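Two complexes are shown next, each including subunit A; its partner changes from subunit B in the first to subunit C in the second.
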Partner chain A sequence: MRRMISSVRDGRGFDLMLVGVPFAFLFALAGLPLIYNILMSFQEVDMFSLGSFIRPFVGFDNYAALFRQPETWPILTNTLVFVVGSIAGQFAIGFGLALFFWTSFPGASWLRGLFLVSWVMPGLVVGAIWNWILSGDFGVLNFLLRESGLIDGNIFWRSDPNFSLWAVIIANIWLGTSFNMILLSVGLSAIPGDLYEAAEMDGANAWQRFWTITLPMMRSTIGAIIALGLIFTLQQFDLFAAITDGGPNNSSNVAQYWAWDLSFRQYDFGRGATISVIMTVFVMFAALVYVRSTRHEVRG
Partner chain B sequence: MGIRKHSIAIALAMTCASFVGFDVKAEDVKLTVWSLDRDIQPAPNLIKEFNAQNNGIKIEYRQIQFDDVVSEAMRAYSTGKAPDIIAIDNPNHAMFASRGAFLDLTDMIETSTVIKPENYFPGPLKSATWDEKYFGVPKATNTIALYYNKDLFKAAGLDPEKPPQTWDELVETARKLNDPSKNIYGITFCAKANEEGTFQFLPWAQMGGASYKAINGEGAVRALTIWKQLLDEKLTSPDTLTRSQWDSTATFNAGNAAMAISGPWEIDRMLADAKFDWGTALLPVHQEGAQRSSAMGDYNWAIFSSTEHPEEAFKALEFFVSKDATMYKDFGQLPARSDLPVPPTGNAAKDAALATFLEQMKYAQPRGPSPDWPKISKAIQDAIQAALTGQMAPKAALDQAAEKIKSIDG
Partner chain C sequence: MTQQIELSGVNKYYGAYHALKNIDLSIRKGMFVALVGPSGCGKSTLLRSLAGLESISGGDLVIAGQRMNDVPPRKRDLAMVFQSYALYPHMTVEQNLTYSLRIKGIKKAEARKAAEEVAAITGLSDLLHRYPRELSGGQRQRVAMSRAIIRHPKAFLFDEPLSNLDAALRVHMRKEIRALHDRLGATSVYVTHDQVEAMTMADHVVVMRSGVIEQQGRPLELYDRPANRFVAGFIGSPAMNFIPARTSSDGRSLVLDLAGSNAVELERSLPPERELLVGIRPEHLVFATPGMPGFDVPVAAIESTGAMTYVTTATAPEIVVVLNGRVTIAAGETVRLTFDQSNLHVFDAKTEQRIEPSA
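Let's turn to the complex of A and B:
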């Protein structure tokens, strides 16, 4: 008995407890819903059987039916374009801004702080405002493009199947850029200044310093940002609801919005869960790449 | 064991306490009502009036957000916690009725002196019907008709008292009114990829002799072809594909569209915002003399089959229905009643518009009724959008929808 107590206070039991608490927490709040979701994807679930646990088991029917639908592949492709486009845009502009503010001109930190306003705004508000900006007939974006001579006629960002997905991507890039910038700024300021001084003495120019010092030193930050960006873009829902509703003709529909549409508009919870499972697999694959890419990291 | 004994004792004590506590109102039957009405809308106000009668029935009200009505109701029903009465959007009524979640009111309505089926417009009543039995009562109703800008009609040399009567005339009129140089589109409507799109398209299909069960009928194909023509010729904004009815009509109010298809919910805003003379007309038909049709919106009252007080709940419904006569005056919603004239409001434009909508109401048809309406509606939306974006021909898109609907509807 005493040995048990002492083990809990300081020993193996203590270690297990330290691991056990967060593990139990994770399992209850993330593990169980995940398992429940996977279970649902193998069942036929509608609103009336939502309250019960035992529901007709349909095997892989939901998966098979999903991939028989003609819109499935286009929507999955859209999801990929949305994720890659959003992350690339957010990262490129965010990194540019972070480097710009890193030069620390007067008022740089103030301005950098102000940029965060976009990240603080609720997605639905951002969506509603971009909805006006992107409006075909009276939108500000079209006005600017027209006045600057870039386009002749109005582009119907929301309603032209060739542009609708990009309309949401543009709004999402605006939304996520500042978050990228802040994290990258933190990463930049963690790089020791003497590295640059030494490089400068060795005659490295700005371009070489960027490629051989800044980028390698930022490796883990960049990895984390891209992983976070993946999560944020895959859970981006408000902008779709506010700007295009996934339309026209599914041209801007993505997996997460589609899962919601199936579950909460058509009340087909089984199929909605199926899409979530597919997304989970995709995210797990991405997480694996992220973990592998940062595993051999050397901290200076 | 000790714990169990204790808990029994506590439970007993609490039961006794609750008996003592509620002993004053022991005879009151408690009902719960769910709806999405806000404080200026019918449900909470009618319930207040009902409770003030002190007739031994007390109603508790819970407001539910639009997006949550169906999911909350189903979750509550499947876990045995459903309210006694709910206001449900009419296309969702059949889903509940067909599963036995709603109480069959046919017998009670037969003996009721307040609720009489013959007093209702056929469309709304049908939406509360399943298998030829009444599973609810229409709460309010609305439909769509054509709004047009009389000033722009005059400017284009058209007779403002002669709005278009047929689809061909509508297209022709839209062409004449269309003026890109002044940012004026001929017409605005809604082909959005949600229930609103179905709501606006189905009347056209029905006027052309089709129905949701035969959505690829010749008339429906022609309707979709005309919609596509309106978009292709830029007689309506391409944003019609993604804009809600409310936002579309806003462009009409701003003078950027000469005609608009929408419902009576627009009237008050139009009176305030539109700085021009406007009128209303029945939806143009397939061809001269062809049958009319229109959409039908708004909610139905229903009693959950799990209620412990069906008779009291029905009394509450009778009370709500007895207030139909003043519904428009008090809350600005149209009762689904053909026997009640909407009293004049004193505003000529408003009265004329209301008269049009009441006339149009006679031809209003429910969406469904089908337990799988959301999926059927989705198939129709997909067809509309596929055709209007030019990715499929109208005929092919509707054929595909018909096939989907067949597999859903069985």
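Let's turn to the complex of A and C:
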């Protein structure tokens, strides 16, 4: 005991404590639930065994049963479409805006800051706003599309199975674009200006400078933003709750929303946990890409 | 003689700030021109205007017979070596060298051959597959040079390329750049704040201050006949001594404004009754034997580097004397200084312009 106290007092062991406290925190609040979740995916869990830790072990039964369900593959496909669509949209528009504000016209940094408004808004509020915009009868989006001649009749974004998933993707792109833009702006401003001058002297036009200087210099930033985008889109829950509720008929349902639905609406905790475990594997992969791309930063 | 670069009446404004004022400059093909001056004098702005990285507000810029005022940098066919080197960090040395060729659409094998040839000249052959971050400062400098050389441009523009190197390497690279210039028969414009660099490397030195060309000419011309006090003080190290003085009513003698009787009989005449600044370089002052004409000054400090001795006087203004070898005097003693009158530079006290004595 005396040794422990003195080890803290003289600084030795203090480093261990600095590592230990956050580690204990992470283990208690992230590690344990994760392990518990994995454990549940191999158990038979119902309302009556919810309170106990030791429950009947069923092996991979939950996984097998899950993939026997007819809605599983459509929902996983939806998840893929949602993730790819959201990331592609957020990245393309975010990069476009970042390049636009990079030209630093008067007021550029101020305007860029304003764009963050969309990102600080709670998902449920964003969902409510987009419910109005997407509304089939009086929505602004339908009005714009109709007036510009792109569609003839109204699209019922939220209740048409062909569009319901896209309704959420559009809202999610709007929500995540500014975050992409800010991170990409930081990446752009880190590129030394004299590289562009050197490239210009070397005969490169604007397009060639973009492909040979900007994009390769942005590689680590782009890798990070796409990995973060994958993590954030797989976490997106509020927009589904607010806009489509996964419907109609699971046409806009995705894995993360389904996991919650199975666990807390249908009280099938085993299968809910099983989906979570499958998603965890994907997020782990994204995290790996993120860590790798931030480690391989290219700086002169 | 063909003029490779010609500027006439070039002006540059940043808003209300007048950065370049009526610059006239002709650069012959094959010439090595140094733009030199203190920071903020406009030398870098002038170089960047040549490159096209800055636009000029007025006047004409002609490169190889073509008016270039509004031609973008990539179509001017000039190569620039940046102070920061501006190497592409995500490319190997070879890719850095061949960048301009690849942009032009030259075939890979051909570009590689060109890179190998240039690398052989600049001693980079073993480093072609390294990245810039794996190179030393001197090696990066060579890559920056090679990237310029590979293009065979109409002219090379150097923007203080040696200022990030240590002193010994700087002296070495000075010779190397000049040798390369001669070997390639290139036309070079070289910006530096170091007058020694300008004097030793250039055929033609342009001294600038506050956006104005104060004087231009061959290096020794500037040293021997500086047009005004600024150039006189800027060229040469240690700097020229300036002593306020006044000419007599007949203009045949000069009274130096130092303690004691310091009248100097002139061999040639100057305008009578004029307030002047007399300039004399430290290396042109010598100790006089007693009885010889000269002036007596108390010694404040003596510094010896072995080969040279620097003597500083306790006068106002302070006078510096550079002597070869060593001296036996000590601080506090009085010495008699003299000089050859042909080494005397005379400037008007007000306009600071050079005054030539008449016979």
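Definition applied: the second predicted complex is superposed on the first by the 255 of 300 C-alpha atoms of A that agree within 3 Å, B and C clash if a C-alpha of one lies under 4 Å from a C-alpha of the other, contacts with A are read in each partner's own complex, and residues count from 1 in each chain.
In this text, a contact is a pair of C-beta atoms (placed from the backbone, for glycine too) under 8 Å apart; a residue touches a chain by one contact, two chains touch by 3 or more.
This structure is a prediction, so every number in the text was calculated from the model and none was measured.
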Exercise for the section: Return fit or clash for subunit B versus subunit C, each positioned on subunit A through the superposition. Expected result: fit
Practice task
For A:197, decide between first (touching subunit B), second (touching subunit C), both and neither.
Solution key: second
Practice task
Have a look at where A:81 lands relative to subunit B and subunit C in the superposition and call it first, second, both or neither.
Solution key: neither
Practice task
Determine, for the superposed model, which of the two partners subunit B and subunit C contacts more residues of subunit A.
Solution key: B
Practice task
Look at A:244 in the shared chain and tell me whether it touches subunit B only, subunit C only, both, or neither; answer first, second, both or neither.
Solution key: first
Practice task
Would you check which partner chain A:48 touches, where first means subunit B only, second means subunit C only, and both and neither mean what they say?
Solution key: first
Problem - Partner chain in contact with A:205 - subunit B first, subunit C second, else both or neither - result: second
Problem - subunit A-centred angle between subunit C and subunit B, computed on Cα centres after superposition, in steps of 10 ° - result: 150
Problem - Partner chain in contact with A:265 - subunit B first, subunit C second, else both or neither - result: first
Problem - Contacts of A:93 with subunit B and subunit C, given as first, second, both or neither - result: neither
Handout entry: Distance of closest approach, subunit C and subunit B, by C-alpha atoms in Å
Key = 51
Handout entry: Intersection of subunit A interface sets (partners subunit B, subunit C)
Key = none
Practice task
Name, in rising order, each residue of subunit C that touches subunit A in their complex.
Solution key: 51-53, 72-75, 78-80, 82, 84, 86-90, 99-100, 103-104, 132-133, 147, 151
Fill in the blank from the handout: Within the complex, subunit A is touched by subunit B residues 67, 70-71, 74-75, 77-79, 95, 99, 101, 183, 192-194, 237-242, 251, 256, 374-375, 378, 382, 385-386, 388-389, 391
Exercise for the section: Flag every residue of subunit A that touches subunit B in the complex, lowest number first. Expected result: 47-52, 71, 135-138, 156, 158-161, 164, 243-251, 264-268
Practice task
Under the touch definition given earlier, write down the residues of subunit A that touch subunit C in their complex.
Solution key: 192, 194-195, 197-205, 208, 212-213, 216-217, 219, 298-300
